[in-house]
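The two complexes that follow have chain A in common; it is paired with chain B in the first and with chain C in the second.
Moving on, here comes the complex of A and B:
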């Protein structure tokens, strides 16, 4: 059995039981159901038989309070769901990256981290730390831009990454790990690595398949 | 300008549609469902605006404002 397989088996089990995402989903579903039913009944069935003040208070509840809670629950649930690889993979542009990650023969950094269980709960944002509900503004802006390009089918192949990948994403886990701190070259380059003057990928290779080795993300009639 | 009752009814309809548009994102995260979620949020905002306008108009007519 390979060392990677042994490491993967030693990885902690994901927590069982109720999740925050599941609880928010229930809250949102309940609020939506009560609000929709209540609003329809009050406006279209009982309006004429209700006192004006009761009608107003009911509308206040149905138009402000319940939708507000439903929106918060939905937003929270959405952000919780988006932590999973499945959520990232729901856009087929991600196929080459997720496919590589699931490839047992792949030697890319992402695949090795995924196999080893070093990525908790198999989350992409374990390395892409800018994402998540309290992620950076830049990540939210880029996420919205990428979503718009995807739904309007206006992205350009081949995909290219124009930004920089901060070393802090790697150092968040590795900075204090003995396997990192024991290496002499890491000690020698610690300042450059901390200041992003040198990328981790310079020595360790790209985390995902390089452009020439991955399939196009869109099937074109005239390649 | 439509009456306060019509504005309120429009607010209720928009709110109901907006709430229903939030439902798909609760089942799965898909690019199109995110679009429904954003449209639903927009409709909820619009319904609240309509309702506020309706209440203000009614208060003005009653002399409270």
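Moving on, here comes the complex of A and C:
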């Protein structure tokens, strides 16, 4: 992944309803449009009146530079738009999870965080990505794994979170809140919580519906 | 070639898998913070919530404990549940049998220790007959262990001196249920929480003492915000913080409050006349007293109009009326209570009145409605109440005073007729008093710490000192072990096998997963070995946990308990089963007495109180009664006691866990106004003195308590809070009044 892409993903959201993904998409489309239009004009209208060196520079720009920028834009757009709940939900396997999160009568942690607006958007990504560059890389790698399992139809029900969920994801928001710091159990278990030897979920409940209560993710027509 | 969209996606996927990230991506997973070799189903060994766990093993040790997602607790545990792992490996685990020689407990072989225990018992019986010995058990023993002890002492030795620490916490509820419904134990289940529209919590700090049940209640509040919560508690507990209405009642006045609510419900017509007509009778005192009428109740309650009792309860009449209104209008009211209601001299009356509110309003026998007492220990219900391991009881609801019940048990246990004594034995506090007086000369104490947990404890420590005491525990030393003549090291939790039952009558199997430390043995092994030496080996034919369980199922068959369908195989497979469960196909009962749901309810209609001869539950006319201990100028304040989330009971286990060492348990909550009058600041030492004894604690001025009330934790390991608590007993249940002691609080001057 290029440094630019990392920067693009780490960059804050543009304000006023515009999204970074949308902006990158516009950049890519703009570059493609300019490149195509420019190449057509240069080749069929202005070629004869242009100096040879200018012609070559415009070809270089239209054939390589602008497509390169467009590629970066589309890549950035893809990385960015994959963070949305809609992107995760595009695989129907996620129905029980996203459905529960949107359920106003659900008591799971995901639904409660969603309802409270604590995480305004990209809710899946916010909780499933560790902090720092490695968190992002790991999330993308895991996302690709999910996609591969999905398209190769090799996932197993019930879905399980592999490995230990990092408490740091919870603590990043909660650790300094008085509602967290004044609880003696948190103080008593601070080392275990920091080392992920005990999970926040154990006391605070599951983020998603418990496995036995979830609807199967496989469509019945396709055993 | 025709390709479907799915096939096309397959090809793309396969190509991508092999070409792009195949190697190292599909098989890639995050690491486990604690690697585990195998997972096993189990149950938390602490409170009566009975959270289901999965236990991770590695290298023959428990390395991880998590909540079971398939369990009623949906994967949740509280901090104590997480620490089930740690308690196995604390430094003070009891490892070797010991016998007191020249005043010191010295390590001996198991044979020598058991021989010494048996000799002590034989000598006591030779001097005072079978009633000179006793068993004092615990709600922490497995069902098989309590059942076997009960059988050995009542059927073998021939004494009904079998009691235990559940007498200190659950007796009033047990007597309440039995007298109202004809059978002990709550009628509902935890699933009711998702249907309730009102939670009436009285005398229970569920957020700290039954935290996972409370989280389920909070889940209900989170998802159905119209749900109301009334909390009745003299303290502003964490539970009260979630309340719509917190009634900060004066300790010991619950009967007056509940009577006032009944008065108000009747006055406003928020009762269910059809239910009363069909399923309720009215009595005063006992179940066989002459029947009364609803009009008698109305007349009786005239003295309990809200404005008449408001002052006594320390509440406003408007608060009481509002509580009654919320209860009466709710579609489904679920009441929870525990020690706050039980541990008083009016404990049975308060329990009966709590149940009466449900009966008068018909708030029972449908989803979300019912009276639901919570148990404090992991197996107080199943191990002690169900197996009848109390001095007045016999297994599965039978009682020693009924000839038919005794004969039943004599037949089932293969005993000659007349073997079981018809006289109730000594309950907990009188039992230790009898040790003091030298009437009980030898006792076996298992899995409990009465030297710290009895009220007015110093008085009864004298009895422990005097009697020949055999103590079996998994921790050494405990306060009680200091008085032991023989100490036997016991395995605990996952080091032994057995069945536990929790507040919703759910039985769980705890499998043996790891070896106990040193030479520790299960309490069942200890009981069998002692029984052998006392000449009752033939009586104890069932000697493995499974064999004892099968015998216990047979003993329960045909009773109002009926566990026949709970085979060991089913318990191994399922995350617990609730009773009644009379056949191996039965899925277990959530709501008792409901035709169609409870297999024992045969009648048609809304409900069938089949454990009562007339099929009707009883509403008792219950007096508030006078305080046993009034406030005087010498003792002007009220001491009440309780627990906190992180610690448990006398902290023999939790007090040894490194992570919990920093959590303060030696403080006295005192209202800031009272503290100011005394000139006491936070952290200063105060002395709490009752007519019985004294305890010194650090003052913690706090708005949690109401003026005139002070609160201490029962956990304190440094200081004996129970030196000051009251050993007055409820006249029916013989449960002591821990929640109410008249005390004087003084600032301790430096150097004194």
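Criterion: the second predicted complex is superposed on the first by the 167 of 223 C-alpha atoms of A that agree within 3 Å, B and C clash if a C-alpha of one lies under 4 Å from a C-alpha of the other, contacts with A are read in each partner's own complex, and residues count from 1 in each chain.
Here, a residue touches a chain if its C-beta (ideal position, glycine included) is under 8 Å from a C-beta of that chain, and two chains touch if they have at least 3 such contacts.
For clarity, every value in this text was computed on a predicted model and none was experimentally measured.
In the superposition on chain A, contact is made by A:71 with chain B only, not with chain C.
In the superposed model, more residues of chain A are touched by C than by the other of chain B and chain C.
In the superposed pair of complexes, A:151 makes contact with chain B and with chain C alike. Judged by the touch definition given at the top, the superposed model places A:188 against chain C, while chain B stays out of reach. Legend: residue contacts after superposition of the two complexes on their common chain; A:197 is shown touching chain C, with no touch to chain B.
Where the contact sets of chain A with chain B and with chain C meet, they give residues 147, 150-151. Residues of chain A touching chain C in their complex: 104-107, 112, 138, 141-142, 144-145, 147-154, 162-164, 184-185, 187-189, 191-192, 195-199, 201-206, 210-213, 222. Those residues of chain B whose C-beta lies close enough to touch chain A in the complex are 8-9, 11-12, 15-16, 18-20, 22-23, 25-26, 28-32, 34-35, 37, 41, 44, 47-48, 51, 55. Those residues of chain A that touch chain B in the shared complex are 25, 28-29, 32, 35-36, 39-40, 43, 56, 59, 62-64, 67, 70-71, 74, 77-78, 81-82, 86-87, 90-91, 147, 150-151. On the side of chain C, the complex with chain A involves touching residues 6, 9-10, 12-14, 16-17, 20-22, 25-26, 28-34, 66-67, 69-70, 74-79, 81-82, 211, 215, 219-220, 222-224, 645-646, 659-660, 662-663.
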